[in-house]
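So that you can tell them apart, the chains are marked A, B, C and D in the order they are listed, and the count of residues begins at 1 in each.
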Amino acid sequence: MAIGAHVAYRDLVGFGRRNMDVESADLRADVIYQIGALKGLAAAAGTTVRYVKPHGALYNTIAHDERQARDVIAAIREIDASLVLVALAGSPLLGWARDAGLRVVAEAFADRAYTPNGTLVSRREPGAVLHDAEEVAARMLRLASEGVVTAIDGSSVRIEAESVCVHGDSPGAVEMARRVRALLEQSGVAIRSFVDAA
Amino acid sequence: MAIGAHVAYRDLVGFGRRNMDVESADLRADVIYQIGALKGLAAAAGTTVRYVKPHGALYNTIAHDERQARDVIAAIREIDASLVLVALAGSPLLGWARDAGLRVVAEAFADRAYTPNGTLVSRREPGAVLHDAEEVAARMLRLASEGVVTAIDGSSVRIEAESVCVHGDSPGAVEMARRVRALLEQSGVAIRSFVDAA
Amino acid sequence: MAIGAHVAYRDLVGFGRRNMDVESADLRADVIYQIGALKGLAAAAGTTVRYVKPHGALYNTIAHDERQARDVIAAIREIDASLVLVALAGSPLLGWARDAGLRVVAEAFADRAYTPNGTLVSRREPGAVLHDAEEVAARMLRLASEGVVTAIDGSSVRIEAESVCVHGDSPGAVEMARRVRALLEQSGVAIRSFVDAA
Amino acid sequence: MAIGAHVAYRDLVGFGRRNMDVESADLRADVIYQIGALKGLAAAAGTTVRYVKPHGALYNTIAHDERQARDVIAAIREIDASLVLVALAGSPLLGWARDAGLRVVAEAFADRAYTPNGTLVSRREPGAVLHDAEEVAARMLRLASEGVVTAIDGSSVRIEAESVCVHGDSPGAVEMARRVRALLEQSGVAIRSFVDAA
């Protein structure tokens, strides 16, 4: 297990899920503040923060919004350049962060459908969210072994990912995570923390 | 100059100036969170947090409330036991913190009147707050050189203090701080950061 | 059914359950603000706010703290003097509010033990909270029909109450409320909204 | 004088000046809550709320974003359909609100430059904010008497406005407001509250 800071817009009421047009100085300060606070809590618990995965609307926005992406990257570098950034597989954020010297980990979503272009199907469209744990596990095994997932139109799309996310607040999330893990391990795919592999 | 974390109750609307009956687990978490956040900002600015001075109602409460005092002490020790705690001169908090292994710095208030017992005159009483910069400077020189201040009844009271606070949000605060510093230095009293003297 | 404003200290993080030493002007403004906001929501829903029952720490504090009690009473009178105040049975708050011209409703707690003096047994003591729905229903029937409850020492204590509270966030709360209602109605005790009876 | 509710996004830290992508149900509830709270405070002070002027980012967004505009309009109608909506002169919001049955008042900005199309020059461009009280007063007199202002390119642009805003947090705001009022009154233009004229 590794501890990561899931930093978010300062929107407690909206659980960080609403886009906010935050100025760069404020966004950088918010990200540093939140990572610092978690580092303090981790130190008090005798451990350390190893990665940063932005949460909610911030995650989605910086996947493609270069201004806010560079603010988050700068904030991470300023507080601790050894932190790993977890970002959406296929997003331009991965390149911006690598260019700035951060180690990045690309992330796939177990419970989401993909378009033929490798982007996530919007939650507003039918079929965007997957609920069948067996199907999800099979998809993730194919991703891990072949590097592809079946897109929503039936085609195969290449996704380069080192991490798989199961949304923790979905019903059935624990069972889905167990199935994914079990199928991967039965099939000879080893699961390791990406920060130990650094 | 040294950077300190002025941690407070989680009461942004009241600027941390209202007493709150916070449970121990919450108070410890709040203190660690705030110190951690400032450590993060300090790291981003290339510097470090050296001391903790609780703010507002928390400062006054832990000067004598042992349960909350021990929570704040524990929180500081858990996140960084090298942090210095600044506390009210003459308060039992000093002993509790020393016993727990923290380095403490006792603080006098330049702009406040003292009772013959060495406690602060309540702000609700006349004469509690001093405004005359010359008088304040003379009082602080006497404190630095003799270890005593003139109490509100004219008697002399011993105050053991290593730091002098001028409230930054009082009108005339900057001028008062200048007068205190100037008179101390003219009289041969050297002013040093208490964290450099550690 | 009637809609009431459960006003609280401005402490969202602590769910209003932590005592706060709020100044009178702020407390009155907070109470008016919250009642006003609920009145707005009620108007938008085509209905009206009929009573005020302070929540959490504010409820307990104003049961006996005269300064804060008078602030809440004044706030209610200023925004809408027709609002009914629900208050702890046996508390001095009832008299203060009546004297100020408010209609009050005394409240008993179905799921709490009482001392021989008619006050609630502190939650920190064993037996303070009752969980057996049958026992609770029997106690409330005795309260409704005889005006007494059995205190924690076995004695009988007189409680003058017009309303019975079942804490909505307790496990089994809905079942307990059903049992209380069923037993009262089977025994010929009519349940009515206290605001319709005004 | 008339009292208006300057409702805003729920972003206290950003003073409501940051765009937020708030869902309709939340935005409507926020607007009703804030208007209701101010109605409560007004009732306690013996007066009433007469108009609504959204603040900051919400003001600018609903001037042209139809989804959020219709949410604000619906919220106002639900809590009190007699409230007047103050909106940006020339914006589509005026028509949407009128169509929904609200009375609207179009507003011009005394201290802002206009494009030849009648929109405000962005604050990011030079000359967007006017500081010369004499010039501002002369512009507002021309607006009041001829219905036009001089745009930033020197052309004349027609602005239909019934209200003039001077930003209260600008330096010199009070002096600017005095000059505008004095020049209008000297020139025979009567200033009246738009809610009295209803």
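The rule is simple: a contact is a pair of C-beta atoms (placed from the backbone, for glycine too) under 8 Å apart; a residue touches a chain by one contact, two chains touch by 3 or more.
These figures come from a predicted structure and were not determined experimentally.
*Asks:* Pick out the pair in A-B, B-C or A-D whose interface repeats that of C-D, meaning over half of the contact pairs match by residue number.
*Replies:* A-B
*Asks:* What is the distance in Å between the mean C-alpha positions of subunit A and subunit B?
*Replies:* 43
*Asks:* Report, in whole Å, the distance between the mean C-alpha point of subunit A and the mean C-alpha point of subunit D.
*Replies:* 42
*Asks:* CA centre of subunit B versus CA centre of subunit D: separation in Å?
*Replies:* From the centre of subunit B to the centre of subunit D is 46 Å.
*Asks:* Counting only chain pairs that touch, give me the topology of the graph as line, ring, star, complete or other.
*Replies:* Contact pattern: a closed ring, each chain touching exactly two others.
*Asks:* Which stretch or stretches of subunit C touch subunit B in the complex?
*Replies:* For subunit C paired with subunit B, touching residues are 10-11, 13-14, 18-23, 26, 57.
*Asks:* What residues on subunit A touch subunit B, complex-wise?
*Replies:* 29, 32-41, 43-44, 75, 78-80
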